Structure formats: structure tokens, C-alpha cells
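Common to both upcoming complexes is chain A, partnered first by chain B, then by chain C.
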Partner chain A sequence: MMDIFFSIALSGLTSGAMYALATLGLSLVWGSMGMLNMAHGAMLTLGGYAAFAVVMQMGLPGPLGFVAALGAGALVGALLYMLVVKPLLRAEVASFETAVLMATVGLATALENSILLTFGGQPLAQPVKSDGMLQIGQQGVPYQSMVVIGVALILMGITAYVLQHTRAGRAIRATTQNRDAAQLLGIPVGRVYLQVLMFSGALAGICGCLVSSITQLSPTLGADPMLKAFIMCVVAGLGNLPGAVLAAFALAFIEAIVQYVFGGRWGFPVLLGLVILVLVWRPTGLFGRAQIRRL
Partner chain B sequence: MTSSIRHSSPLQIKLSATSNTDLRIAVGLAFILAVLPLMIDSRYLIGQVILAMFYAIIATQWNLLFGFAGIFSLAQMAVFALGGYATAMLCSYLSWPMALAIAAAALGTAFVSVLIGLACLRLAGVYVSLLTLAIAQAMHVLIVSDTECFTMVASQCRQFTGGAVGFARFGDLGMRDLLEEHWLWGNYAIVLCLFALCSGFTYFIIHSPMGLAFKALRDNPGYAIARGVNRFQSQLLVFGFSAFFTGLAGGVYAAHFQAIGPSILSWSQFNFIIAITVVGGTGNFWGPIVGTLILMAADELMREMGEFRTLGLGLIIAASVVWMPKGLLGRVQDLQQWWGRKHQSHNHLKSSSNH
Partner chain C sequence: MLKPKPAAALVLDGVTAGYGGLTILRDISLRLLPGHMVTVVGPNGHGKSTLLKTISGMTQQSSGRIWIGEDEITSLPAHAIAGLGVAHIPQGDLLFPEMTVEENLLMGAYLTAEQAQIEQRFDEVYRLFPKLAGRRDQTASTLSGGERRMVGIGRGLMMGTQLLLIDEPSLGLAPLVIDQIYEAIGALKASGRSILLVEENPARVAELSDEMHLLDDGHIVWSGLPAELLKRDELLATYLGG
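Moving on, here comes the complex of A and B:
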């Protein structure tokens, strides 16, 4: 009984940490820019493959693979800003959200397909991982799970510090609250958007590296975590970062329990049922603020 | 004293002018599609035109939902698949005749879509997209991960939802018995009639008071509700109608190909529909049809490139959204307006220079 509880707890914590990282980047972008980044999953995948390429094909040490994942994600974030967000903001299209959604869907397909063409479709093993287990009494905890949880907690701490205690973080928060007011106060909104996208991309890259170390590298690696991250963002409410992280861990635990009790295929449909219930009961998420729209 | 002369407003004249052009284009298109099989001998090309007509129907219905009613639903392929799967299951498990199964599947699909519309009533914008995306993905996952045997089909295990393999050999459109080796032309005729039916109904919906209600709710929901448009009714109607025709098309698709599997729920198929609507132009009746023409042609050309096809498609979607937000037809309309303005200023200059 104890070991069932332990393994569910471990699985829930590990996947919760990974989903929390994915959700963090998504929620940041959504909250500050009102943009649903459907290319987030592709950035995740790219991060994992970048780490693979750096370590396997260039023969550089493990930690550099980590840095490569970070860099690749940030690069894609910057490209996303230059090629999609900036032109759409300038053109002042009727519906920015849906236009950006469709453009990022297209970019995600293109990115995923280029990864497929470059590395091939068969699953690969992520080299940037640590093997071995730690024995706590009867149970074994894989080192990699501890690494994942540790890295996720560190990154969440860094994000919280940057947002609360740095000038750039204040600019991001100001832009989230009211874009026009921030612009009037002299905050370079374009640059803030670029920073947010690059930061979110970097988070996605690292998350991809971690996810692929637990499972495997494949071109469709990022689709599932991205969808679950969306669900967690929605359940928590738009732009609420601590709420999103909390929702990520809570839903990961629920998923682990459901998968143990009912079987692997019911995890995702149960999450879906939960999100439908939450959205019907509270249309702006559990902790989200109601959006005031001027008509 | 009230004048008995009826002043026709400029709006009225403009409306009848556009419907006149629409009628001419529709007749022309119907004529071309009708004589096409007489001019082309290749079965492959006829098959591709049939596929294009299916895509055009799905894209038109998605355009009705998104372009005209402003509801960004990502569950369009799930609705299509529902129609196909319902048809296949009714034929396989209950041995219903094909026509009855297709009709029942269409009605069932419309019902399920109305339920989805009910769930989306309190949501706006991206939340609708996420909910519909989650529903579509859940359906895909549930079908593909189905492994327990429900029945035995000729000593092979078949799952209740068909699993990763899907359904096959459950019946067809009856053209093989009627026309023997010319059955493809019979199927072509059926699909052409379906295309004409769906497009015609959609056109009438768009140009009816119901269509105006959809557009009003899309443009400014608060104002529309204040003016008495019933949002509840309109939302459920648009979900129901678009799903009925999509489900109908799904049933005929399953019957034509005599197979249905989870591959139509794949993301790349939906990408194609998005690409069609975005390139053609949302909010415009002819947009999806123009988009289908362009993208099927581009797809044939990119077929030579093989593996780069999906990459090209993704880039086309992104580029179209960034550079042609209103699609190709939107650009054409912009050009027309620019030309008209240029002519007007030219005429003003001429008339003022004559004074």
C-alpha cells in the first residue's frame, strides 16, 4: 500500500514539475500578450533535439546540451516575435488572438516537420540525463526524477525572482496589467514582448530536454505536454502564474491516480472532463480575473 | 401625404448585385464540375476532385462557424470523423442500409455538436478554441488507445471504436451494383450533389436573418444582444447546422472510401482545412472554395517534393495569416476598393478641371 502511494506520489511530482515548467512559459506569454502560443510544443521538442544534437553529434559535454536547449528555445521565441507578433501587431488585425493562434499553428507544423526531416521519425534516447537510483529504504527514486523536480523548482524560483525584484520583471507585469498605460509610461512594449517570448522559449527548451529524458525524443514530443499545459493554464485562469503552477501539480497528481486506478488511456479524458466542468462553472478559470472587454 | 413610390436604397441594389454575381459563379462552377468527368479520363484526378469537394464542404462549414459566427472551434475534424464513424458503426454493428446510416449519423453529429455549443456558451475567444481542441484530442486518444476486443471479425479482433485500424468493408454508395466498372463516376455524381446541397444551404443560411444574427454576434456581441439577438439560440443553431452538414459529408466520405480510421483526426488534416480557409479568406462565402482550389493545386505540385509537403503547408499558413489576414479574396476586394477610389478621384479631378 505504502509503495503504491509512494510511486503515485513520485510520478505525480515528476510529471507535475514538467507540466509546471511548460505551463509557466505558456501562462507568461498568454498573460502578458494575450497570445496563445501553439508553437510552444514545437519549442519543447526543439529544445530536446538541440540537446541531443549538441551532445551526440558534436560530442560536447552534457551541461552544454542543457544550455543548447535553452538557447534554441530562446532563439525560436525571438523568431516568433520578429516574424509573427510584430507584423500582426503593426497591421492591427481585427482579431489578434485568432490570427496569432493560426500563425503559430502553421509555424508549429513547419518546425515539427523540419525536425522530422532533419533527425528522422524514429524515437531517440536523450543523452542529457543521469542514470541510477537512490534507495530510500524499500523504494528507489531515480536520480533523473530528482533532477527534473530540482531544475523545475529552481527555474520557478528564478522566474518569481525576475518578475518580482527586477526592473524587467516590473515592466513585464506592467504590460500584463495594462498595455496602453505601460506604453504611456515609457515602457518599450515591443522589447518587453520580445523578452517574454525569449524567456518562455528558453523555459520550453529546458522543459523539452527534461521531458525527453524521462520519456523519449520524438518529433511529436511536445504536443501532449503543450495540450496539458493549456488545460492547466485554463483551469488556473488567464495570466495567473502561481495558480498555473499549483494547477499543474494538482492535475498531475489527479492524472497519476486516475491512470493507476482506471488505466493509462483514461488520464487525459479525465483531465478534459475536469476542464469542461471548471469552464462551465467558472468561465475565466479558478483564479483568473474576469476580462473587461470594451465593445 | 405619403408617397407611394418605393425608394430602393443603395444597400438593396448592392445586395442584389452581389447575389447576381454569386449566382453566375455558382452556375459556372456547377457546369465545370458536371462536365469535368467527361473531359478527364484519369481515375486518379477524378478521385482528387472528389477529395477536394469533401475538403471544400468541411472548410465551408468551418468558415460558417469561424468566419461568420466568430467561433474559433478546433473540433471540426472531430465532427467530421464522428459522422464517418457513426455511419461505419451503424452499418457494421446494426447492419443498417447506407442511406439511413448516413442520415442518422448526420443528425447524431448535429446533436453532439449542439452539446459542445452548450458547453461553450459562457466562454469567449481562445477558451472556445481550447475546449474544442481538448475534445478533439480526447476523441483521437480514446479511439487510438482502444485495445480490448469487442467482436471478432473473420478471426481478427476488432475494438468497439475500431482502434488504430478503423472500420472497413461495411458497405458503399451502391454504385458498384448499378454501374459496375464506372462506379467512380456514380460516386462523383453523388459527392457533387452533396457539395451543391451543402453549399446552397450554407449560402441561404448566410444570407438569411439567421446569418445576419451570426455576423452581429461576431462583430459586437454586446450591441447585438442589446438589439435583441438571441445569443443562446444563435450559437446552438450555428453549431447544429455546421455539424449536420459536416457529419453528412463524413458519412458520405466513409461510404465512398469504404473505410474510416483515426487518421482523419490527425493534426495535419486539420492543418489543411485551416490553410484552405485562411488562404481563401474567412468571412467570405467563396473563400473556402477558392482556398480549396489553390491548395489542392499546390498540394499536387508539392507532391513532387514528397517529405517537404507538410513543412510547406505550415509555412503557407503562417505566411498567409501574417501577410494576407483576410485571405486572397480579401486582398482582391482591397484591390477593387483601391481601384474604385483611384477612379473616383480621377473623375473628380476631371470634373473640377472642367469648371
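Moving on, here comes the complex of A and C:
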């Protein structure tokens, strides 16, 4: 019985940490910009491959792979702002939300196909990981699971600190809550959007590195975490960061339990069923504000 | 044509502005001297708020020029205009609803690096609106209309500017609260700040104002001393309904 509990707890915590990290970036962008970044999954994939390239192809040490994942994600975030978001905001299109959603679908396709052309479609092993296991009594905890959970917790802590206690974080929160008021107080909203997309991209890059260290690298690596992150965001209420993190861990535990009891293939259908139930019960999500945007 | 003079806190020269292809303001010229209060009155929906939004960069200007002091701010982005010393206190307050009173006020000092200055401004705001001191940890979304207006004005003061643009501070408030708000605005004027105020009712602000402009359908149709406007029954009846 202890074995089962331990196994579910470890699986739930590891998946929850990865989902939370993926969800955090997606939710941050939605909350502050009203933008659903459909390229978030592809940015995650790029992070995984950037780490791979730096370590396997350039022969640099593992920690630099991590830095490369972060940098690649942040760079794509910056390019996304400069090449897509900024022109769309300037053009004052009728529906920014719809236009940017379509544009990021295009960016995701371009990124995934670039990765496919560069690295091929065969699965690759992520070299940036810790092998081995920590024995606790009769139970073994993989070092990589500890790294995933630890890194995710550190990044969530950094995000919370930045948002609550720094000038840049206060500017992000102000822009999220009232864009016009933020501008009137001297906050350069364009720069805030750039920072948010770079930060979210960096989180996605690191998340891609972590996810691929547990699974494998493939050009569609980010698709599953992106879909799960979207589900967590919807369940929590779009744009609610603490709610999204809580939903990520809760749903990861539910998924782990369902997979153990009913088999691996039941995990995702049950998650989708829960989303439907939550949306019927609370259309704005568990922690969402009563605000509906029609696209 | 008005020429910018260093002595003026704010000068508008032939400003035309609107939203998209729709022109709201037409050829507006006015001057605000340092330490003075100029009030723009007029019926609802005739461009009073758009005038303030144009000065603060929130509405696109199609022609004309604007100066604050010696700096030309024509067509600058809103955040840059705020950085040059314009505090726009908009209609409806535009507070940050999930932040506390203190956090909202602190956001006003976003461009101020010196902690001592920030503390000084907090003291001034709490002296002006003692009620806010007791509400500093309360979330903005839970405040009453009058308290929200006080936070809005306080947040503008936290910017530390000498030029205030105040949009209908009495809108939707009880008479007693309106008196408190105008008492505070009087204190701000007495402190030497230059104020451009937008109001629907000229009688309410006549004593405080140095000059009044009557805005109708995006044009300034009359300018002069407040006492003169109050004597012009035909103007009041035609443009302000009585």
C-alpha cells in the first residue's frame, strides 16, 4: 500500500511540477495581455532542442544547456513581440485576440517544422539530466524527478517574488488590471508586454528541457504539455496564476490516480471530463473572474 | 494663433483629435498658467473627456500642437507624457481593482526612484484624504465611490507633477462627498499646482476657477471669467440646460 501511495505521489508531484511550469507561462501571457499564445508548446520544444544542441553538438557542459533552453525561449518571446504582437497592436485590428491567436498558430507550425528540418523526426535523448536514484528505505526517487520538482518550485517562487515585490512585477500587475491607467502613470505598456513574453518564453524553454529529460525529444514534444497547460488554465480561470499552479498539481494527482487505477489511457479522457464539469459548474473557471470575451 | 510661452504650464494650439476616423475635438486652443485652475464645462458627450485624453496621449491627435512648460508633447505616447509631468486623473478613476489602496497609490510613483520623495507624497495624500490612511490595506474594488475618487486623485498626486488634469471629479457622488473632493482640489490649487478641470456644472467650480471655457460639439464656443459665464443665462440655457 505504501508503495502505491509513494508511486502516485511521486508521479503526481513530478507531472504537476511540469504542468505548473507550462501553465505559468501560458497563464501569465493571457492574464496580462489577453493573448492566447498557441506557440507556447513550440517554444517549449525549442527549449528542449536548444539544450540538446548546446550539449551534444557544441560539446558544452550540461548547465549551459539549461541556460540555452532559457535563452532560446526568451529570444522567441522577444521575436514574437517585435514581429507579431507589436505590429498587431499598432494596426488596431478589430479583434486583437483572434488575430494574435491565428498568428501564433502560424508561428508554432513554423517553429515545429524548423526543428523537424534541423534535427529530424526521430526521438532523441535529452542529455541535460541527472541519472541515478535516491534510495529512501525501500523506495527509489529518481534524481531527475527531484530536479524537475526543485526547478519548478524555484521558478514559481521567482515568478511570485518578481510579480509581488519588484518594480517590473508591479508594472505587469498594473498593466494586467488596467492597461489605460498603467499608461497614464508612465508605465511603457509595450515594454511590459515584451518582458512578459520573454519571461514566459524563458519558462517554456526550461519546461521543455525538463519535460524532455523525463520523456524524449521530438518535434511535437510541446504539444501535450501545451494542451494540458491550456486545460489547467481553463479549469483555474484564464489568467489566474496561483489558481493555475494549484489546478496543475491537483489535476496531475488526479491523472496519476486514474492512470494507476484504470490504466494509462484513461488519464487524459478523465481530465477532459473534469474540464467539462468545471465549465458547466463555473464557466469562468474555479478561480476566474466573471469576465467573458467573445472572440 | 497662440504661441507657447515658458510661463504657461500648458498650451494647446489648434488641436483637433478623435477616435479612428471620427473627429471629436476641433481646433482647440487654450492656455493654463502656473498655479491657475482652468475649467472646461459643457454638456455630456461633447468632447470634454476627449480633451484631457488628447493632452495625456490616450487619444490620437490629427493636427495642432501641445506644450507643457517648454516641452512639446504633441503626439507623444501616453507613458512618455506622464514622464514629462502630466498627471491625468480620469473619469471613472481607472484604479487597479485587485491592488490595495496603498499599492494603487504606490503605482502613481512608478517613475520616482527616491524613497524619501515617495514617503513625502504618501504623507501629503493621507493629509489630504485622512480616510484613506485607515483604508490603506483595503482592496480598491471594495471601496465606495467617494473613496475610489480619493484614491484616483491621490494616485495622481503620487506622480509628483505640478500639472493635474482632472476629469469630472464629482460624477456620481453624493453632495457631501463632492464638497470634500472640491475642498481637496482647492487645497491642491492653493499648493501651487496648475489644474485643468473638466466639469458639467459651472456653478460648482466657479469660485475655484480662474478661467472657464465652454465646450460644445468639440468647439470652444465661449471663454472668460467664471462669474461672467454664470451671468450669461442664454449661454447656460443653450448649452448646459439651465
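Here are a few things to note about the model shown:
We take it that the second predicted complex is superposed on the first by the 291 of 295 C-alpha atoms of A that agree within 3 Å, B and C clash if a C-alpha of one lies under 4 Å from a C-alpha of the other, contacts with A are read in each partner's own complex, and residues count from 1 in each chain.
By our rule, a residue touches a chain if its C-beta (ideal position, glycine included) is under 8 Å from a C-beta of that chain, and two chains touch if they have at least 3 such contacts.
Here the structure is a predicted model, which means the values were calculated and not measured.
Steric overlap between chain B and chain C is absent once the structures are superposed on chain A; the two fit side by side.
Contact with chain C, but none with chain B, is seen for A:Gly186 once the two complexes are overlaid on the shared chain. By the document's definition of touching, of the two partners only chain C reaches A:Arg173; chain B does not. Once the two structures are overlaid, the count of chain A residues touched is higher for B than for its counterpart among chain B and chain C. Look at A:His165: by the touch rule set out above, it reaches neither chain B nor chain C. In the superposed three-chain arrangement, the CA centre of chain A forms the vertex of an angle with the CA centres of chain B and chain C, and that angle is 90 degrees when rounded to a multiple of 10.
In the superposition on chain A, A:Leu107 makes contact with chain B only, not with chain C. Least inter-chain distance for chain B and chain C in the combined superposition, rounded to the nearest angstrom, is 14, based on C-alpha atoms. Comparing which residues of chain A touch chain B with which touch chain C, the overlap is empty.
Listed in rising order, the residues of chain A touching chain C in the complex are 92, 167, 170-171, 173-174, 177-178, 180-189.
Touching chain B in their complex are the following residues of chain A: 36, 83-84, 87-88, 91, 93-94, 97-99, 101-114, 116-117, 223, 227, 230-231, 234, 264-265, 268-269, 272, 275-276, 279-280, 283, 293, 295. The part of chain C that touches chain A in the complex is made up of residues 20, 56-58, 77-79, 82-83, 88, 90, 94-99, 103, 106-108, 110-111, 155, 159. Residues 66, 72, 119, 122-127, 129-131, 133-135, 137-138, 141-142, 145-146, 220-223, 267-268, 271, 274-275, 278, 307-308, 310-311, 313-323, 325 of chain B touch chain A in their complex.
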